[in-house]
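Here come two complexes built around chain A, the first alongside chain B, the second alongside chain C.
== the complex of A and B ==
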């Protein structure tokens, strides 16, 4: 544990060269290019998810008739003569085979790509009404950047709306399970004795189950068809229930050693209450660990949600989640003919990679000696 | 050593009781009892329900129900699966074997690849090879199992190099012995790759880190000073020491391996325990859910036991008493 030894009083000696702890951490963090890249990717992804209604050209459940399994529309920057044009355009796609859903671009009909177009009405975040979309084409043209699914819904649009669910589950899940873990681990570590013994045995028992099996068993308790909000909360709860023990154990260990440190004993001698010692003296010392461990654990929650939704036990249609968008790929014939339905998987992959990069960089900056054990529900 | 083994076994008993307790009460949380769902099923006769109800004492108070259930489990009676019309234990037994095969083959894949890669990474620290290895390890860590499985299935369909899911060919029975073995391996390749890559990242990094620590040790300097060849110094002196701590990692990797195996099985149509568990959940076959849950936990505990015993056996520095 790093102690806050050098305080601001020292700076009078060397005003010019002094650096604060934050600056030191930032310096160490900046050395990790991958960590910075990961951070930028995450800001972009969460930003896209936040502005989903505006960035998406359509609404998440708009089914375009006769456009099922439409391939990704290519943006063309060159016309037939090979001249570059600043405003890219898309071709109209003709359905040539109704059974196997084969489309062919019709080179005689062009629709230019336009920005800030008026389209479907929406309420941004359910509050601000608007009908302006970042990009689109003039009707009857369509632009499907990543193709469509079997109902003719735009995959790019659903990806953005799905991101809201899939990306937020990670953060909310971490918040819940880390609060639980910190509380339980803290109580066990601070009070020790019988309480500690009991709580840790319970934690060990939960950890004795393979995560995915426990996930499925807990999900089996309730019917598959539930309203989306209920399922969302249920998933968060289940993932947190499985996730807290590993974290509680580490926090317990830290509390055990921190409560014996001089500053805790001094606080106790001065008559501080237990709560004050925990909140003011012990918890702040576990903060850097918590931040690093949380960052590295987010992927497990994102994976847990997407795996459940993928299996049809999580977020239900028509609500989009990255997991349930992939469910169509379980049908091998569909997978072979329309590979673009795999796109959400790439996004899960990129998100997890970004969290890992960021977490590694944070660890080197905050907790250089920490050895991480990553928790996983799904491997 | 014997005392350690016995003590390690004794330690398992409270854990096993706890696991049975948790499993039982999780299922108790479900609305109705084990048979409510089945009682609605017109294909299951009322007598059959009444018979099962009596066998598991479902009209008794809850703590008695638990004890009866525990007693039945100890007699390997996990209840009856109404969806499959088979005793749960019979079902689990066949699936458990398949999961075991898959996990084992994935584990061999992981270790056989990770250790040499870790050694290479450490010996050529900071070279482009080292960086390449860690990039690949990172990618393997980050790619979700089920997505990787889908990608490989897509590749298999496009190229025709590998079977698209399943465990053996349709004409498996008519193959010669050699053909049968090859057939099984052929069908194991893709699931093994999916499952095996997930665990590689941690192992490669750990191996690299351990070896780097040992390469700075005094006895390595001594070995070099004696004029031993670099090959002997690294393989005989450094690697042997660096491999030991990895055995603990073997225990840590198990839960991920089992959970990962479940998803891989589901996507790649591998008839294992995880797939059975999913089917049970979808069909609300509670006895089967509970049986699979306990078996999963049991597998994990046994795996950890093996890891601990292996560590005690390999590393003489661990005291047994």
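== the complex of A and C ==
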């Protein structure tokens, strides 16, 4: 574009100084260490969930006979003489009390930990057939990193498969409810008048119901015995149905004010269509809010799914979800003797914390104005 | 096409009332008469200044004649056609001939769009050019308003107020308009920058044969650019005259008071200031008769009862005031200063 020599110099000078908006945002984000940690944790969690079949040593519904409530297997990096060994090993565990499920390691039988072992056959994401697992032990030995449940199923494995459901419910739910909220709120805010009145009253009606009872009522309306994919979609739908109104209200407000901004009027004066004004001028200016609000709202969806599954209204056994895994921990006697079945709860906790940290950091970077009041958008 | 002597735009008895809602289930509880019967015309290559206090309805007039809002009554003719009766396709064509520059250079540029996208938007909407040709056009537009081509990829927050206003002007010029409505284009800028932008607007007028409706509350700015000036008070035009006549012999008491409030940057000149009492009344509940009578230093009983008609004083000078009709009454006489 440069035509004159003088201008070229000027360009390099100004390019040295100018900082793009993206860089500014990234700088502000980096200052937020908890946010970075939250982001890394989430990437790891979602990564593990995505590669569940490969990382998990077993399949999610494999019941190992005689290994119910097996405690977490310890990995040993030192042999009996106290020497460090490169390849860790596990001991064989002996069931010593059949009634109270007490196991004791048998120090005479060792199974070395192996990587990329051939194990059960699976189809990665239901598409690519394989039988390679990240780690495992040789045949009679078992490795239960986080113990087993009352059916002798590996909790670590089920945690990974459960994460697929529990973590994706959050994302899909947000996607659905925020699209709904943005569409309805956008229409109400942009066109105003009767449309606005009608849509917002409906939204307020849904918001007026106590969220959790509405959740239960909606679930009760629908048959209980359904295939798991249908149930999954149902949960997403129910959570989104409760979640959209709060978000729609905020979007409506933003549309209402952005529509009257001079840049929107200028676009209208230039002959832009409504659709173009909405897509090019209004929506991009709500984007940072949407990203922040969505991140901060994901936990509510994860909790919602867990709550439904915990109560037996969500994902059904044998399919794993964090909520229905926790249902096993309802019995305090079981919980006292086999505390490892509480692990999914810990992961829910970590995930929600990570989302909140990430959301806080994103908000500080993208929407400094929102700092004073923090809100999530579900019932 | 409009012949040189015809009006490019003609506004006839324009009214814009905003309904006031309140109480149970949003009953209509009244209306705000933001613009209450405004008429004026703009000729090709002419600048009409529109001055008045905040709240006098200047911006509402601007939005209405751009068809950015609906109107309650009246007609807006552009090139002889009523813009409120245009169909979709004709409206699109109108948009290319009628443009706008806004007051706030921070709010009038979309913060999420680069300069290239902002200036190029009209080119995209009206399919004027594409690819390298489009870019070439954008660069030309930027150069016309005095910005260099390497600003293309930058975003509005990287510019000063004056530069942003130039971007706004480039955006308006992109469609090659006939009339540009300038809604207080310089009131948010520093004085030194104001002069630059005013000069740019004057240059552009000469170069492209533009007409302006120049809205401002700063009379000295209007003096620099306008050929004729209309003075608005509470939704009505109280006086309209050529610049020189209005500035040398204002006829309406309100105009007179306005001019006496313009600071003259010369300490040796003694000014007699006419200080108006009170505030501009609310347009929800305007005063009876002449809207200006509660603040008018010369008000007489008739002003309270009857709304004054527009009176033609000849030489393109209009005024709406009862007292003008009285023979022998000299508005510039030393009578004033007392309120009723």
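The working rule: the second predicted complex is superposed on the first by the 357 of 379 C-alpha atoms of A that agree within 3 Å, B and C clash if a C-alpha of one lies under 4 Å from a C-alpha of the other, contacts with A are read in each partner's own complex, and residues count from 1 in each chain.
Keep this in mind: a contact is a pair of C-beta atoms (placed from the backbone, for glycine too) under 8 Å apart; a residue touches a chain by one contact, two chains touch by 3 or more.
Since the structure is predicted, the reported quantities are computational estimates derived from the model, not experimental observations.
By the touch criterion stated above, A:48 is placed in contact with neither chain B nor chain C. In the superposed pair of complexes, A:219 makes contact with chain B only, with no contact to chain C. With both structures placed on the common chain, the touch criterion links A:244 to neither chain B nor chain C.
By the touch criterion defined above, A:156 reaches neither chain B nor chain C. Touch counts on chain A: comparing chain C and chain B, the chain ahead is B. By the touch criterion defined above, A:348 lies against chain B but remains apart from chain C after alignment on the C-alpha atoms of chain A. In the superposition on chain A, contact of A:269 is made with chain C only, not with chain B. Judged by the touch definition given at the top, the superposed model places A:284 against chain C, while chain B stays out of reach.
Of the two partner chains placed around the shared chain by superposition, chain B is the only one that A:307 touches, whereas chain C remains out of contact.
In the superposition on chain A, contact of A:89 is made with neither chain B nor chain C. Shared interface residues of chain A, touching chain B in one complex and chain C in the other, do not exist.
By the touch criterion stated above, chain B contacts chain A in their complex at residues 14-15, 18-19, 21-23, 26-27, 29-30, 138-139, 141-147, 150-151, 153-154, 157-158, 164-165, 195, 198-199, 202, 252, 254-263, 266-267, 274, 277-278, 280-282, 284, 286, 289-290, 292-293, 296-297, 299-301. Across the complex, chain C meets chain A through its residues 63, 66, 68, 91-92, 95-96, 98-100, 102-104, 107-113, 121-122, 125-126, 135, 139, 148-150, 152, 154-155, 157-158, 168, 171, 174-175.
Those residues of chain A that touch chain C in the complex are listed here as 1-3, 7, 10-11, 14, 18, 20-21, 261-263, 265-272, 276, 280-281, 284-285, 287.
Every residue of chain A that touches chain B in the complex is listed here, in rising order: 201-202, 204-214, 216-222, 224, 299, 303, 306-307, 310-313, 326, 329-330, 332, 335-336, 339, 342, 345-346, 348-349, 352-353, 356-357, 373-374, 376-379.
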